[in-house]
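Scrolling down, you'll hit the structures one after another.
You will see two complexes here that share chain A, one where it goes with chain B and one where it goes with chain C.
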Partner chain A sequence: MFHMILFTQWKWSRLILLPAVLAAFALPLLSVQGAGDPNRTAWEARSLLYAVQSWGVGYPVLATAIALAIAMTAWGADHRGRHVYALSLPVPRWHYALQRFGAGVVLLALPAFALWLGALVAAATATIPPGLHAYPGAIAVRFALALGVAYAVFFAITAGTTRTAGYVLAIIAGIIVVQVLTASAGIELRLIPFMGDRLFLWPGPLEIFSGRWMLIDV
Partner chain B sequence: MSERVRAWYAVLIALTLPVAAAGQEAQALERRLRQLEVLRRDARVTLARAQAAAREPLDTVRAGSLVVVIRPADANFVGQAARIAWTRLDSLYGAAAEDLSGAPLLFFLQGQPITDVTPAVAKLQRVMGPSDATPTDAAYQLVRAGSVALRLKTDSALATWLGPQLLHDIALPVMNSRVYVELVTAPSIAVRRCYAGALDACSAALGIVEGDRIPIWYDAPERRVLVRQLHDVPGSGLRPVVNACVQAGSDAACLDVLRALQIELPLSSDARQSMARLALAAGGRDAFRRLSRSAGQPLERRLGLAGGVPLDSLLRQWRDQVIAARPEPVTMAASMGWAALAWSLVFGLLALRSTRWR
Partner chain C sequence: MSHAIDIRDLQYRAGKSFEIRDLALRVPTGSLYGFLGPNGSGKTTTVRLMLGLLRPLRGSITVLGAEVPRDIPRILARTGYVPEQPHLYTTLTVDEALLFHSVFYPTWDWTWAKELVGQFGLDRGRRLGQLSKGEMGKLEMLLALAQRPELLVLDEPTDGLDPVVRRDVLAALLDYVSQQNATVFISSHLVHELERICDWVGVMDRGRLVAELPMQSFKNGIKRLRVANAPALPGDTPFVVLAREANNGASETWTVRGWQAPMSQYFDGVGASLREVIDLDLEEGFVELLRTFREPPPSARA
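Then we have the complex of A and B:
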């Protein structure tokens, strides 16, 4: 059954996966494209770090975009068919959802693997100045984990009812409204920074996305 | 009495009368002036009393040699801050921090300036803390003000070399990790040689050696790139020299441009302060005093004096510490990975327990 689910999800998402794999492969290569410029030899280390850091923003963005697309595709057909197919299967709901989740994780391995390959090629081809080191494995693992976290979040939201998604949106909107109202009333309530810290600092769920993503570092 | 004698008396009296009258007038004037002086003195005293009554009362808190003039209401709060600040100043500047006893600070909170003060108090260095400051925040400001006061006592050569205020808000290992990044990224042959282990190059990159340092800091290709990257060359006189450097590749021209522009040192003030802090730590409580009192001597000698060890030894220690402080690559940490896995699992389980089919 898992093979069938994986196959159908592959069919639904292959048009998304192809550009995702290409982007994941290209991103590390783009980040080191300025390395080895003979006109900038003396400044190479510094400019290389700046370039790598600038392109570093692309990794979490790409991971989020791919995970969102795959999570939505995983449940898309079920939502459109009002879950009749799933309900007709002789398996409990959790078992079916687990297989859908697993199939998505397997598909996400493709862009993660592509990024690792791209990072290896980038590290091998770029002229890295003394004192700097390439971390293709670490960045690929981080990208894979970011894909996993983002996919799990979006999968959980899309697996729920519209009402559940509404609740999630309402909580986010509520936080923003409370922050705006308290600020306009002159009450110092740092709700959004507080929530941001809980989400993006260890051990928050989105910590994997925060900080610098450096293919090449000291 | 004959008529003649009587006439003489009359003449004499007539002659002495104006003199006597004038003498009486001068005495009266003097008396009046004395009265006026008394009145003026009374008025001044009364005015001074009135001003003193209207002026805000001030208090003084002391921590070590740090003296802070404050509002009495802030005494407890600033007292705590002063103790924190003194500990920091004393641990960095050692015995030299005792000089702060001669430079009291005037502390007030933002939005509540102390304005109506005596001229003596008005001359004090003012330190403003945030209106909602904690003792730690106020200590932060006091440390800066104290550092400024101590910096004013040093010569300009040392102050220029040190750069911004010498503080230790940033832990030395953290500062050294920043310096490590500079060591591997600064576009300078001296810095790269320093990274490779050449102590003379470290000394040059830190700006400790004197004389013509540009040929030591940058090699010919670096000099040419450096000049090419200069966007605004002041003075039209330099433009032909810049062109000779960039277009004709004349290294002599590159050197002329860089010498004329007095470019920055290849390593930042973080590196120099890291070196200074190492020398102060090695030299004990009198280290900063020795450093600041050796004005006029070459910097390499001054640092050696401050540290109480030869400069080479200091440089070796500094470089070793910087190399040891290599920052961890930020790409991935194990705790981050485990947290991500755990959260993936949590959200995955939430998806399995969805209410859609219930």
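Then we have the complex of A and C:
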């Protein structure tokens, strides 16, 4: 059963997965493109770190984009058929949803693996100044975790009805409106920073996306 | 008599305008049950409730001896379902759709599935999104039949199909029923189609079950009577007067349900005379039944 669910999901998402895998492979290579000079001084090592760090934002953004696309394709066909087919199959709903989720996780392993390979190649080909180290395994694991967290969030949202997605968007829009209105009224209400801290700082559920994403670091 | 489907005291509301109220419906095991009703009467909603796709507000639904929604996976494993709208994944090919569907059903019959693919003239490599409406209808029926179900629930299975495809689909269905002692529940507004194949009929209108009886009783029991010197108030009739219409002169046309030949004595007793008994086909009977349900004639209520 799972292999057929995986097959359908592969069929729906393969056109997304191919560029996703390429992007995941290329990102670590691009981030160290300036690290080829073996005679780097300490100052240049610092500029290398800045360069690597500037590419760092690409990892969570890429993970989020891939996870969103895969989550949307996971339920797209069911949405078009108003979920009648899935609901009329003789499996418990939670079981079906879990298998769809699992199939997505398996597919997301491809870009995660591609990023690990890219990071290994980047670490092997770049000349890293003394005192700095490459962490291809760590960044690949972190990327895989970010993919998993983002996929779980988007999977849950896209599994629901359009109304559910509307509620989620309405809540986000409501928070922004309240923040704008209070700011224009001169009231100091740091709603968005507060929410951001709760979500993106430890122990927030989205903490994995924050901080520095460094393939090469001290 | 055992029942493949047993619905009691069912209540469901969709928005403010539509409601299924106090629905009780019993489909005898092994029967071909035609579920008739005009568009919007609640047929599809009833089907979705009995398959656990919707949750009722009240009431109980038992399908193949198991309770909905508690045992729904077990029920669905033994039920073939053809929905009103095509619901399959359109990016799959016919072959892939068969493969996908088959893994969910332990009773799936590949030999018969392949036979039906040939019989229906389906191209196994073609994407479902490229199939015509008729081909899609055949594929839906194929998937429902090849899982060798004990119960087939068909929601407008031939709606919009051309006569040739319709004949193919119904022939495959009847072929299956003749092989197995399966129960078939067909929801449709195509009265003539059900008249030919069904042995039980249930009529739904405005969210309520208007009538449920053997097809033969339904067809034989609804008559149009030409009555001369009809009484103003019919009194205690041994049949149900569905409608009365005045003709030219002193005669009236009565549409009645539950008619049997010996009941003609009733007219002698009230000083009227029965001139003619006219058989109605199912469609005419269906229309009269709905008309009476919606607007009972004052004379019939008297």
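By our rule, the second predicted complex is superposed on the first by the 210 of 218 C-alpha atoms of A that agree within 3 Å, B and C clash if a C-alpha of one lies under 4 Å from a C-alpha of the other, contacts with A are read in each partner's own complex, and residues count from 1 in each chain.
Rule of thumb we're sticking to: contacts are C-beta pairs under 8 Å (C-beta built on N, C-alpha and C of every residue); 3 or more make two chains touch, one makes a residue touch a chain.
Everything quoted here is computed from the prediction, not taken from an experiment.
Overlay on chain A: chain B and chain C fit together in the combined arrangement. Of the two partner chains placed by superposition, only chain C is touched by A:11; chain B is not. Legend: residue contacts after superposition of the two complexes on their common chain; A:1 is shown touching chain C, with no touch to chain B.
Residue by residue along chain A, chain B and chain C are tallied for touches, and B comes out ahead. Once the two complexes are overlaid on the shared chain, A:87 sits against chain B and chain C alike. By the touch criterion defined above, A:77 reaches chain C but does not reach chain B. Contacts of A:186 after superposition: neither chain B nor chain C is touched. Closest contact between chain B and chain C, by C-alpha atoms in the overlaid model: 6 Å.
Across the two superposed structures, the residue set of chain A contacted by chain B and also by chain C is 87. Chain A contributes residues 39-46, 49, 83, 86-87, 93-94, 97-98, 101, 129-133, 135, 138-139, 141-142, 145-146, 148-149, 151-153, 155-156, 159-161, 164, 202-205, 207-208, 211-215, 217-218 to its touches with chain B in the complex. Within the complex formed with chain A, the chain C residues making contact are 51-53, 73-77, 81, 83, 85-92, 96, 99-100, 103-105.
Remark: chain A residues 1, 3-4, 7-8, 11-12, 77, 80-82, 84-85, 87-92 touch chain C in the complex.
Touching chain A in their complex are the following residues of chain B: 180-181, 183-188, 192, 195-196, 218, 221-222, 225-226, 229, 326-327, 329-332, 335-337, 339-348, 350-357.
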